[in-house]
Amino acid sequence: MARILQLDTAVAELVNDGDTVALEGFTHLIPVAAGHQIIRARRRNLTLVRMTPDVIYDQMIGAGCADKLVFSWGGNPGVGSLHRFRDAIQHSWPVPLEIEEHSHAGMANRYVAGASGLPFAVLRGYAGTDLPEHTETISTVRCPFTGQELAAVAALNPDVGVIHAQRADRAGNVQLWGISGVQKEAVLASRRSLVTVEEVVERLPEQPGAVVIPGWAVTAVSEVPGGARPSYAQGYYERDNGYYQDWDAISRDRDRFLEWLETEIHGAERSPR
Amino acid sequence: MARILQLDTAVAELVNDGDTVALEGFTHLIPVAAGHQIIRARRRNLTLVRMTPDVIYDQMIGAGCADKLVFSWGGNPGVGSLHRFRDAIQHSWPVPLEIEEHSHAGMANRYVAGASGLPFAVLRGYAGTDLPEHTETISTVRCPFTGQELAAVAALNPDVGVIHAQRADRAGNVQLWGISGVQKEAVLASRRSLVTVEEVVERLPEQPGAVVIPGWAVTAVSEVPGGARPSYAQGYYERDNGYYQDWDAISRDRDRFLEWLETEIHGAERSPR
Amino acid sequence: MSGPRPESATGAEFSSDEMMTVAAARSLSDEAVCFVGIGLPSTAANLARRTHAPGLVLLYESGTLGTRPERLPLSIGDGVLAETADAVVGVPEVFNYWLQPGRVDVGFLGGAQVDRYGNINTTVIGDDYRSPKVRLPGAGGAPEIAASCKEVLIVMRHSPRAFVPAVDFVTSVGYGRDGRARDRLGLFGSGPVRVITDLGVLEPDPETRELVLTRLAPKVEVEQVRAATGWPLRVAERVEVQQPPTENELGILRDLKATLGNGESS
Amino acid sequence: MSGPRPESATGAEFSSDEMMTVAAARSLSDEAVCFVGIGLPSTAANLARRTHAPGLVLLYESGTLGTRPERLPLSIGDGVLAETADAVVGVPEVFNYWLQPGRVDVGFLGGAQVDRYGNINTTVIGDDYRSPKVRLPGAGGAPEIAASCKEVLIVMRHSPRAFVPAVDFVTSVGYGRDGRARDRLGLFGSGPVRVITDLGVLEPDPETRELVLTRLAPKVEVEQVRAATGWPLRVAERVEVQQPPTENELGILRDLKATLGNGESS
């Protein structure tokens, strides 16, 4: 049974310096408030894992939380580049950032292998690309029946998996719906897990299209209404596209970013969005 | 887009002598009417695939449709043994029956590999058992990252996959809910597919827990109300436990079985259940 | 088969099968996650949930997670399991995401044969696989339950035909043909910790992994168990006698069985 | 970037980007199953669905199958995609069950660089991967879309910086560094069949797989395309000129773009 904790307590207990941490959510239900709390707790030397590092990872990287990034697509969706991510890779600011780079199919299968207790996954992937040359967690395996060679990727088993969902009940059973990405796999692949939710309810109502993660497979649940903003939570609020566009200007300039960091994160108990 | 066909037309077009045919449905939603129609069409030399061959496969085997069975558990659930299945294996009646035997985990992963366009799947399976010694579609593969040895199973890609579902719309989009087994995988792994449904509706209503298979991934849909009897269709009718118990006596005796076959299948356009 | 008919503490008669089911239920601790097969394991698990272990989490291989059936299911795919589950997932997922990684605390297995090293046979009787004396149902979910659950409980009625020196076919591995296979195979689970029968309980010797008699059902003698075992059964230095079912356990068990209606599942 | 402003048949002005989008939309046949990326591919696919291809099936990598958005999505994970989809599945499933087996007819790709053999780079500019001149977003779903869709359409604005002799990094394979990689790799898909740009269309030579100019946008000269291409561009024996957008196409396209609201996606 998951424990229901305050977000700051949950991050303090679950996320340690040097951990491998995955915050997942595929455009929808991005655990932004949890990411901000990790910055606020001044965690360092994290290996950050995420298929689509976007604004929240740009912020965590710029804040110096990470020394490694495992990913498959890094951009500001609908806007353009991630300037803190680029600055870290191109100029090692604020600290050097090692990268481990995959495709979406590869990352998704790495989570599947991790959730399945397997050391690797097989896919038709990376064929003819330059990625395997630079990424050690891509290899090949031969089919014992046909002799065919296929791609293999190493399982992902983060220390902590963090997701955001619409609802949980008091036993920590988590319910999410709409675009569900790799959230279930990220929770099941991780040693510990934190789920922030829009609301904790007495009983989960039936919901078409819902994915339910049983509470006994979750470490902690935190009630954080709006915890996915500026991303969205289907049935609760829309994506704040203006925030993503504003981020472009804030993040282009180191000083402006540092000011944002001081005001919006360290200067606030909880960011407004 | 799937074609909406009469059941007899669909079986005539889709199922040929010598085909590999998978009828799936895990206790729930077993495509019994489709199986009876395959018997009625006097198909021969089929390789029948099914995780849990139960009464419907006992009937098809006894009727002489199959010369090979691929499976992981063959019994009359809640009752006992399958007498036609035993008679075929132990005494080659009415024809010899070759078997290819797996565990549930192995069979499920074989469908997953088939649905995924991969030649094999990896699992932690069969360790320490005598199954690999007798089954050629079980092998091993070594993890290219850890060196660990794991089980490998060959993909299943039947010629025809047959399932039963609650509903479809006119474009052949299929909706099923409740215990959903490996039905989606069986359809996606097969070259052709037939889905019998309780009803064809104009528009699929929202349904908590529903699995939807898009019509463009399905070959044919047939409206067959009660098509899963004596198994059940959640939201439509209950399992007819008496039928399973009665089957024990009918199937114990070859003559009584042959009489059943003549009366209930060949003598009827459509079996009452 | 009906065993002796001893009496409970308060004088109620109970059968040896009832003792076996109650003993199996008592083996399940509260909040454990339990992978349940149909028949006796399902009865025992649902009894435990209604007595000392209300937080027990039940998984059935049909993909129903955290199910709380009000009546006993007849098959692992009963609608009542889906209707009362926390989540219903596909069969590939239940094996890959839930069983395989070692998330399940207890797996329940039965079989046609068990041997002195806890290996189980549900495949064929006879030594020719292609031409068996008796063809059994086969493996189902058992091989991976045996491999991946943290602990395995085996529940079977005691007889020399069932308790054999070496199984004809290893469908599900206990400790292997020599008692030493488990470490070699690198399995997540620690193997069978207890074989619960209508006559008592066998447990693996910590060194050799051979099954040893550790408990007796009420009014059962050691010699009776030896006679029902196909190998020279070793007996633990101290053999306890099982507490008979309480009135509460018996009442709930009988109410549960009554919900089955026509025909118990196998 | 804004191209020339020729006129449609009825005299309406249109931009070269509009011509490119319309040409991309026309490449999609009715009832095709199309794996759509955000931005221009999404605009083109939704235009096709509203004009000649109402039965077009759209898949987005966020797991929305058969989606029919009333307005253009801003990102591949927009709620509008989930709300109007036939089915919403997880990201592993969309790649493993839907893309990987070769079920998808057409995949749409763009990139920062494309080379004469249709290889695409969206990873780094510069020849040192660990210390790039410009770090690009990376692969996303593209490598497997390029490998597994029956056909690939590439859509990119023409410039010598983008159309290079050989990409700095192969993120998604076209026909490989030598034009011959595809057969060697045993891929399900046949590779890029068309590169649609604001200046015209390039197609692979059936023998060498080198991209050759086969069509020109209205009022564009061959020399203009050569100047915008980083390798000595070959020109097909017969080069057709694209039909300008019809009034209907232009109207629907502009209405569609208006639904985007703030900021086009990249």
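Observations, loosely collected:
By written order: A, B, C and D. Residues from 1 in each chain.
Everything that follows uses one rule, which is that a contact is a pair of C-beta atoms (placed from the backbone, for glycine too) under 8 Å apart; a residue touches a chain by one contact, two chains touch by 3 or more.
This is a predicted model, so every value here is computed, not measured.
Counted as hops between touching chains, the shortest connection from chain B to chain C is 1. Here A-C and A-D were compared by C-beta pairs in contact; the pair with more is A-D.
For this pair, chain B with chain D, the centres built from the Cα atoms lie 41 Å apart. Chain C and chain D have centres, each the mean of its CA atoms, that are 58 Å apart. Each chain gets one centre point, the mean of its Cα atoms, and the points for chain A and chain D are 28 Å apart. Multi-chain contact residues of chain C (touching two or more other chains) are listed as 96, 100, 148, 188.
Counting partner chains per residue, chain A has residues 112, 117-118, 123-124, 148, 184-185, 209 touching two or more of them. Chain contacts here follow an irregular pattern that is not a line, a ring, a star or a complete set. Residues 38, 61-64, 74-79, 81-83, 88, 90-92, 95-96, 99-100, 119, 123, 129-132, 134-135, 137-144, 147-148, 169-173, 176, 181-182, 185-188, 261-266 of chain D are the ones touching chain A in the complex.
Taken in their complex, chain D has these residues touching chain B: 31, 33, 55, 57, 65-66, 86-87, 96-97, 100-103, 148, 188.
On chain A, the positions that touch chain D within their shared complex are 26-28, 51-52, 71-75, 77-82, 85-86, 89-90, 101-105, 108-109, 111-112, 123-131, 134, 148, 178-182, 184-185, 209, 211, 232, 234, 238-239, 241-242, 245.
Chain B makes touch with chain A in their complex at residues 117-124, 137, 139-146, 148, 150, 152, 154, 206-210.
Taken together, the chain A residues at the contact with chain C in this complex read 1, 112, 115-118, 173, 184-185, 188, 212-217.
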